[in-house]
Structures are given as C-alpha cells and as structure tokens.
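There are structures below to look over.
Two complexes are shown next, each including subunit A; its partner changes from subunit B in the first to subunit C in the second.
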Partner chain A sequence: MDTHVAEKQYIQVEGLSKTFKLKHPIIDILMKKPRKLLKAVDDVSFTIEKGETLGLVGESGCGKSTLARTIVRLYEPDQGKIFFDGLDIAALEGKALREERKKFQMIFQDPYSSLNPRMSVRDMLTEVMLFHRICTRSEVDHHIAELLRTVGMSEATAERFPGEFSGGQRQRLGIARALALNPSFIIADEPVSALDVSIQAQVINLLADIQEALNLTLLFISHDLRVVRHVTHRVAVMYLGKIVEMAETEALFKEAAHPYTKVLIKAAPVLDPRNRTREYAIEGEPPSPINLPAGCRFNPRCSYAKDICRREEPRLEEVKPGRLAACHFPLIA
Partner chain B sequence: MDPILEVAELKTWFFAKDSTVKAVDGVSFSIMQGETFGLVGESGCGKSATCRSILRLVHEPGRIVSGSITYKGQDLVKLSEEGMRKIRGKEIGMIFQEPMTALNPVLKIKEQIFESFEGMRMSTAQKYERAIELLRIIGIPTPEVRIEEYAHQFSGGMRQRAMIAIALAAQPKLLLADEPTTALDVTIQDQIIKLINSLKTRLGMSVLLVTHDLGVVSQMCDRVAVMYAGFIMELADTITLFSEPRHPYTYGLISSLPSGKERGARLEPIQGAPPDLGSLGPGCPFAPRCRFVGELCTRTMPEMREVSPGHMSRCHYIEKMAGIKGLIEPEGRAS
Partner chain C sequence: MDTLDITALPPAALNRKKKISIWKKSPSLNAGVVMVGLVLIFAGLPGLIAAFSPTSQDADHILEAPSLAHPFGTDNFGRDVFARVVHGTRIDLTIGLLATLVPFITGSLIGLIAGYYGKWVDSVLMRILDIFMAFPFIVLVIAIVAILGPGLNNLYIAIWLVGWKDYARLVRSEVMVAKNAEYVQAAKILGFGDLRILLRHILPNVLSVSIVFAAADVVMCMLSGASLSFLGLGVQPPTPEWGAIISEGRAYLSQAWWICAFPGLALVFAGTGFSLLGDGLSDLLRTKGR
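Up next, the complex of A and B:
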C-alpha cells in the first residue's frame, strides 16, 4: 500500500453511484415499458483528508443521505470505489467488511429511532463493544464510564433507558455509541436538525471537542447552512444526485461558483430584520429525480442557462484553485 | 393602530394524573391591525398551546383555566361553541406545520376549498372560479388540474400552499401560522415566507407566527414575544429584540446560533435543559440555566418590566444586561 497516498487522501470516493429500482406497475409491464430507475447518487467523487470535516448540503431528495449510507455500505453501491485509508471498502465482504466497519461509524438525525428502547445504556454499549471485540468483558465498565464522560454525561445514566432522556441527551448517547468502536471516520447525518437551538449549540461544541481530541475525520450532512458554515472546513453541494460544487467553506459562502449554490445561500433567512427582500431566491421546486432533464440537471431552473446547458451535462471541474464546479458558465472564474 | 386581538393573562394548563403542566401561565400580548406578531421559543415553551388557545383548539386534558382573548369586542374564552364556529376559519384562520395531517386525505383540494366558502352566498360556478383564483395567487401552477387532485399528489411545498389557500378562502382577518415552514426545504421555506408576507399586505390581514427559528422571525415579524416555560420573557419589536436583547434567555438563544462567528469558534449554548413544567419552583423558571442569576431569582417570579417604550422584559436584573449587544447593531448606529 502506498502510505503517502493513504495519508494525503484519507477518504477517497471515486465515481460512486447508487440507483434504486422503482416498482414496476403492471400497466408498464404490459406496455413493455422498462422499469423506472431512480439515480439517487450519480457518479460522485470526492476526498476528505485526515482530521478534516467535509460538509454535504442539499435539499431533501438530493441524495445526500443515500450517499452517506452507501459509503458505510448500508446500501450496496452499483458502481465506484470507496477508499478508506488506502483500502477499497466497496469491494469488501463478510468478515473483512465487519472488521473495517468499526472504523467508520454513523450518527443519525433522530437518535431515538436508532437506539433500542428496551436496552439500558450500559447494555447497549456493552453489546457493541463485545460484538466488535473492542475490549474484554472485564474492561467494559471502565470503557463505558470513559465514553459517558467524553459525551458529557454522568456514569449514573448508564442504568437508564433511551426513553428517559431528552433529545439532546439522546444525541449524546448516539455519539457515545458511535465512539464506542474507536472509529476514525464519522458520518453525521443531520445530527443536530431535530434539536432546539440551545441544545444544538451544546452538541455542535461536543462534536468539535471530540473531533479535536480524537483527530476524527468527519462527513457532516446538513440542510442548515449556518451550522455547516460553522462546523466544516470544506463543503460539497449536491443537487439531484450529483455534486455541483465543492470548495473551502468560507470561500464558498463568500462567493458561489454554481448558480444552485448561490440560490441555496440566498434562500437561507438572514438574521437581520432590516434586510428583507420580496423576490424568491428561486421559483418552483426540484424536479423528480426519476426523469432527469437533458444536459445540466439544474438548467430548467437556472437563470443563467444557455443552449449548451440543455444539451451537455457539465463535469465537475476546477474553475479556480481549490474550487470545483459542475457548470458551463461558473459565476467565478 | 388598533389591536385586532388582545390576549390577557391567559392560562392554559394540562391536567395530568400526578401533576399539572402549566403550558401557558399568564400570557398577555396584543396583535395590531396588519401586523405580523411572532411567538418564538423552544419545544415545550407553550407557544403552540397559546396559539391553539386562541381558536379554543385545546383538547383534554388541557383547559383554558383563566384569562381573556378579546377579538372584535368579544371574549373568545367565554364564547359559546356555536359562536366559536363563526370565528374559526372565517374570522381567524390557521395553518399548521405538517400539512399532510391537516389536509383531508379523502377529499379533493377543490372540495376542501369549497368547505371554506360554507355560509357564503355563492353558486358552485362562483366557488370554482374563486378557488382557481386563490390557487393562482398562492402560486400553484396549472390550478385547473391541481384543484381536482388529492393532498397525497402534492409535494410538501405545494401542500403547504394548498393549506394556505384553504385558510385564506374565507378571507380571515387574522391568520395563525404554527411553524408553517419548519418541515420545508430552504428554497421552499423562502417562497412560503415571502408568500405569506405579500398576502398579508395584499389582503390586509394580521398574522400570528409561531416558530422556533429566529431566521424566520427576522424575515416575517414586526414584533416578537420570546416564550420560556409558559411565560413571555421578553417582548419587543423585532429590530430591538435582535439588536438589544434584555432578557438572558433571549440573549442565550441568540448566542447559541452559529452565525457570523469564525469557523471553530466556540458557540455559547445555554447550559442545561428546559425545566419540567409539572414541577416549577416559585422563582424564575430560567434561573437554573441563567448566567446572570442573582439571589432574587430562585425565590420570586419577576414581573414584566418596561425597558423602553414597547420593550418589556421579565427579569429581576435587567440592569446587568445593559450594553449587551445582540446579532445586529442597534437602530441608528447601523453602518
């Protein structure tokens, strides 16, 4: 293994695609129409450096959660490679996959539905750690105490059940469960979206502390641009299954290269009541990912669209150092 | 300007088996003609219960215990159920966070809009024409087609628009909007915010907006009340609240927001979690989490006090907050 490459590009996703087959209605079968396909993730490539936080933003249905789940192999990828520290985990099966999976863990939006309501915190953490052979049975209690301290909860909470906790505490437990396996890469799928603002800030701070202390690599998925701007080093913007722009966070928020990024930033409500506008950031709604338009998939809604946009799909290319955009006419050059 | 609605000392309590949850515990505010008034706060603060109390939509084990809600000279708390029926929808309309649960799944959109015309002397043709016009105003493309469809055939944003159309069909003077954009994507949220803003002006309505999102407040409200544990903690015009918060809770909410701070800069969350409403002590409910807490706070509940004309705060130690800045520069000093 080339260790140099492994260190530079800790996570490397190459040409990843995930298509779902939709139900084939009897009428369509009789009419000999082909089964419809939903390309949730379409030829996505990106890298994340060790210790870096990459943000993934986009509206519902853009494929960000599918991408996350495909990376951790909760979904089988149709195509593409997922290099994790130099090893292609898209090709792993069985025991080898299970071994590797310890190193990448997920945190979900709704911790309640990802925690077993009938298991106490201690039982839940013990189960994960013993199953994955993180430690011996005699060491478990020590590990649990340490984990709970890391996520800011008292050791006494170990005897309680998920139903007894508030949303913020449950998210702390979700984080503790993920950390129990000593992962080096964490995918957080909308980890603070269901929380109240005051609690949201607590969890964001906690994630920042843990990342620094454990030198974690993070893929942070959120629809909340304010949170993403605060938390991430770089951001990838998704639209209908494709990454349309990728850049350093501050640079992206200062100046968007892709018209869709510009729309997203403009649509987020400004925190200044003196700064109100009447016109919409964009008209209409994203089209269905089942019948994608020809050419650039954003072209029907894009105010800059020209002829070529309706014919040719733009590739994600560097428009300026450190800035990738999939647009024939990027707003910055 | 005259108030269209005056809520005074409203108490809505929920009587559980072993405790009484005082969801709304002495809330007073008024909504002016043509104004958008915001009720903002975190889950369980009583903002939705206050909103639902106005239309008397509080169900068992909840009850409006005391207080008055004055609309056009009549007290809605004391009004008969018959009288309320003339208010609901016709005088005061309401839209909800989740349109799918508020819309009727087995009725066409057309039939649901027609229901709102009930009691008006209109022919079916007139109703149809008016409904199409409404859908057009609300921004639903090809209304002639969509009007024959059911809620499940609509996208989330379209459902929210349909619900607004139904609520506006009877031309209410006041629209209660309970988290109308919370379930929507940012670009759709942006459209709905601006739609409600423009409809308000166009139809001369007043709006009561219930939300947890200060961004939505900043884009919609003229005045805001910040609620915590069943009480209004601070009430001011939106610009003042954002520039010179004078209650520690408001300030806490504002400094929890990741906005304008450098990447990686620590957020300043409010410590702890909201209290259990079933077992509040005699003092200020925010005291256990308050960074300005003093000796009075755990003993007595502070009264609402005027900070400046139209700006009220429920805090014993407002003085401690003098000079504290909010999210924006105060009026007049803006660059």
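Up next, the complex of A and C:
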C-alpha cells in the first residue's frame, strides 16, 4: 500500500497538532515562567482509504481521543490539514462546516452519557434528521424505523428514553444517531470498552456489518488489541501524541517494528491457561505529556534505548514496504 | 412461597409498585402537596371560606377574642381577622410565586450562559454575582425598596434584582458538568448551534436542582414580602396581607394577641407546606433522574 498517493486517499490527515494551554498559576505569572503546554496531538499524519477501517491504539492519555475530537472539529486544530474526500475541513467554518458535518460522525465511548437522558429515541433521531434536512417531516417515521432496524432494535423502542435501555442497547442507539445523517466516515472512540464483554462482540459485529453494507470508512479507536485485530485493516499505534508505528493489522500483530508496539502486544492478556509467562510487561507510567523527554518519547521505558534515542527524535519512516515506524532501531529491517 | 419473583410480575404491576413506593417513601411530598393545596384553595376562593369581608369595619365588635362567629377574633376596627387572613392568602401567595418566578428564569439563563461559555463571560457574570452575594438578601431588598419607595411593585423589583443569584450559581455548576457530557459533544458534532444545544439539550438536564430550590424559595419570598410589609415598605394597609396585619396588630399585642398570632401561623403553615413540597420534589427528581 502506498501511503503517498494523495488522490486515492479518502481521509488524509497531514501534520495535525493540538496543544492545550494549561492554567497559568499567578505565582508562575509573577515569576515570569512561561505558560505550561500540553501537546496532546503532535504532528500526526495518516491516511484512510474509502471503505477501510484504520485502528488507532495506545495507552490511555496518549492522545487518541483528542485526535478523534480534533478531526471532527470538536477541538480547533492548531496546525495541520484534514482532507476529507479532497476538501480540507480544518479550514472550514460556519455554514460550510455544518454542511460538511453530515459526512463524518462519531460514536462515543460512554453509552451512559452519550445520549440525552431527557429525549426519547424518536425525538433524538427526528431532531437530527430534520435539522440537516435528511428527509421531510412525513418521512421521518419511516426513516426512524429503518434506522432502528439497521442497528438491530425494534421500532417500538422509539418512544422510550435512554434510561430504559441497557449499555449495549444505548450504544446501538448511539450508532443509529451517527448513521441518521448517512455519513461516509465514522470515528468510533472506544465504542465497546464501557460494555460487558458478552455485549462487546455483538456491538463490534454490528459495526462491522454496517460498515460493509454501507461501505463506510472507519477510524476505530481502542486500547483493546484483540478487538482491533478483529475489526481493522490497518493499525496506527500512538504514543504520547505521536504515531510511532503504522502497518497492516496482521503484519503488525505478527511482527512489531517499534519496541512500544511489541510491549503493547505482549502486555495484552491472552486467553490461554498454559501461557502463564509474561516475558514483557511494560514498566512504569508514560511520561507526562507536559514535560516530554528529549529524543525519542519512548526512550525512558525502552529496553533497546541507546544514546541517540535520548538525543534525537526519530521520524516516522518506511522501514519496509507498507510499514512505517518512528524508531532509530526498528525491530524489523 | 415466601419470596416474590419480580420477573413474574407483569410490567404494569411493577410500574404501579414503583409509583406507590415513591409516594410512600416520601411522606414530605404528601404533606407538602396537601398543605400547598389548602393554601391554593384559600387563595382561590377566599369568599367561600370567610363569612365576613376583610375590610368592613364593625365598631360594636372591636378587639374581640376568638369566638364561634369570629374564629380568629377581631381587630381594632372590628374587622374579622379570619377573613383578613384568608383573603391575605392570595396576596402573600402571589408575592411568593411572582417573586420566585422571575429570578428563577433570569437566574437560570444567566447561569446557563456563564456555565456554557466560561472564560471571560463567566468571570464577569460571577463577579457581578459576588457583589450581590456580599450582602444579606433581606438587607439588600430593604435598601432597594427604601431607594425606590414603598409599595408592592417596588418590592417585586427589589426581589427580582436580588433573587437571581442563587439560581445562577446552581444552574452554572450543573451546566459546567453537563457541557462536557458526551451527548453535548455529539450535538456539536451534529452541527447544532449553541442556542439549540443550550435550550434543548442542556437546559432540560440542569433544571431539576433549580426547581427544587424554587419551591423552597417561594417560602423565602413570602417571608420577605411579609417582612417588608411589616416594616411598612411593601403592601400598604388596609390591604389584608399577613405581614401588614401583624404590623397593624403589633400595637395591641398585649390586649389582643390573636391579631398577630393567626397571620403568623398562616405564614408558618404555608411556609412549611412549600418547604415539604420542595423536599419531596428533590426526592422525586433524584429517583427519576437516571
């Protein structure tokens, strides 16, 4: 896969950065200390083809959710471009942005806070469809019935309120809301991590089925590697605001190029009672994104770190055709 | 069989059970509803309950102790205190409700804006609020009425100017929580404008605390109205208002305790009713919240 051919790419993120300014305590102002900055997303670039599912994995706090929220313009990007079918949505404002919003939607992590508790399912979906003029008022009921059927729920549930549903059902409703606008790109931000394991599979399979049926492009964010392996075509691994490795899913799980990816895969629980050894377990917490270490961001926790890793930050480069890694000493060459 | 299988019950029965249990669990709601209901009847149909007119004087029956004909006695003009208290209900209730309603609306809107937009908008509004918070409620109301001049309309204006601060603070803190909820983020991603998000998505979810507070606030406003009328700054005689009646009866307290005691008791009764109602409402809204 050639990631440099721009025209063919449906989603193309280029050098996206998002920095949060932290509160500036009065003592610091008086002592003329600069305001502390949190680099949540730092110069991230990637592409997704139409109909493809890209997985985004990493520890909590590595900037996955911030990246997602920046792409959907919930946060204003500081730098970078977000090409969506050739159009830079990072530069859009007002009406043009609202019009374009129909095409990209998001599924949220927490099904208990992602639905307005005071709105019935019908009210929620009706508002979305009428606001964007997806259909006329007389067609709304028909569309709602169809949407609910798509996500595996009966039409009778339309009159109920979110509080009357289980977590899995609520997540289905969240998917229905995202689908109401007929989007072509969906970001799923940890869509199943708040659900019971028994429900996770149902929701994941539903997402996969819908993606296939509607030819959706999906950015699937998760920290659960088993889920990512199951649903994605390619995976991007994120560490402290940067993508450190990107590869096709199976290739990545077979053989990691970046030491961080390796420990991440090793650290994932395996359902095999005979396998009790844990060769690698990642040690320590990730460094604070406010005081990033010099050189490679992973060097304090990396068992392969050499001098150059503490001085120079590695760039995300192709280590093998179709495989990108940001490491001075990639594990595969 | 000594255990009841809940799953075997039809949903309607479960629903009914839930309703009954809320009703049973909250005796304060029951008592509040009954007491406020009585107050409403008194306010709505004073002529049916009191035999005498609240203002007609009777020189033959001055300062009479409570009797069958005059259950609350008569005052220094021979007016029936029972009739005056019953007719005063409407005035006191109107003061309580009107003086609550306007700050409830303005305060909630200010809190909504401050909490949602944050930053300098929040800072400016909250500093203004701090100024109002710095003075005790009744002192500020008295000061404003003293400047504007006594009278019912100025009393309203004074309470409206001061009363919004509590609602603003309550709603603001709720909005600050709600605006980070994922359903609000979802609404933003859907492209909804600020006004729609504020009114349709945030407001219905942050108002319950305000509503509970408002029920208790009716009492405060009734008391403030009565206090100011007692001081001669609110309702003017001979209009039958509880605070004004107490004020008039004060001079005869040693001879005719009933002139002051019964309107006072009426205040206690109405106040307790609204307090219990607010208490019960908070139980009800809490159980229904999730």
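Operating definition for what follows: the second predicted complex is superposed on the first by the 323 of 333 C-alpha atoms of A that agree within 3 Å, B and C clash if a C-alpha of one lies under 4 Å from a C-alpha of the other, contacts with A are read in each partner's own complex, and residues count from 1 in each chain.
Convention: contacts are C-beta pairs under 8 Å (C-beta built on N, C-alpha and C of every residue); 3 or more make two chains touch, one makes a residue touch a chain.
Quick caveat, the model's predicted, so the values are computed rather than measured.
In the superposition on chain A, A:60 makes contact with subunit B only, while subunit C stays out of contact range. By the touch criterion defined above, A:131 reaches subunit C but does not reach subunit B.
Shared-chain residue A:240: touches no atom of subunit B or subunit C. Legend: residue contacts after superposition of the two complexes on their common chain; A:274 is shown touching subunit B, with no touch to subunit C. Of the two partner chains placed around the shared chain by superposition, subunit C is the only one that A:163 touches, whereas subunit B remains out of contact. Once the two complexes are laid over each other on the shared chain, residue contacts for A:114 go to subunit C alone; subunit B is not touched. Within the superposed three-chain arrangement, the count of touched residues of subunit A is higher for B, of the candidates subunit B and subunit C.
Within the superposed three-chain model, A:41 lies out of touch with both subunit B and subunit C [touch as defined at top]. Contact residues on subunit A toward subunit B in their complex (touch as defined above): 59-60, 166-169, 196-202, 204-205, 208, 223, 225-227, 229-233, 249-250, 263-264, 266-274, 276-283, 285. Taken together, the subunit B residues at the contact with subunit A in this complex read 42-43, 155-158, 185-191, 193-194, 197-198, 212-219, 221, 238-239, 242, 252-253, 256-259, 261, 263-271, 273-274, 327-328, 334. Only residues 69, 72-74, 97-98, 101-102, 105-106, 108-110, 113-119, 127-128, 131-132, 163, 174, 177, 181 of subunit A touch subunit C when the two sit together in their complex. Contacts from subunit C toward subunit A in the complex involve residues 181-183, 185-192, 196, 200-201, 204-205, 289-290.
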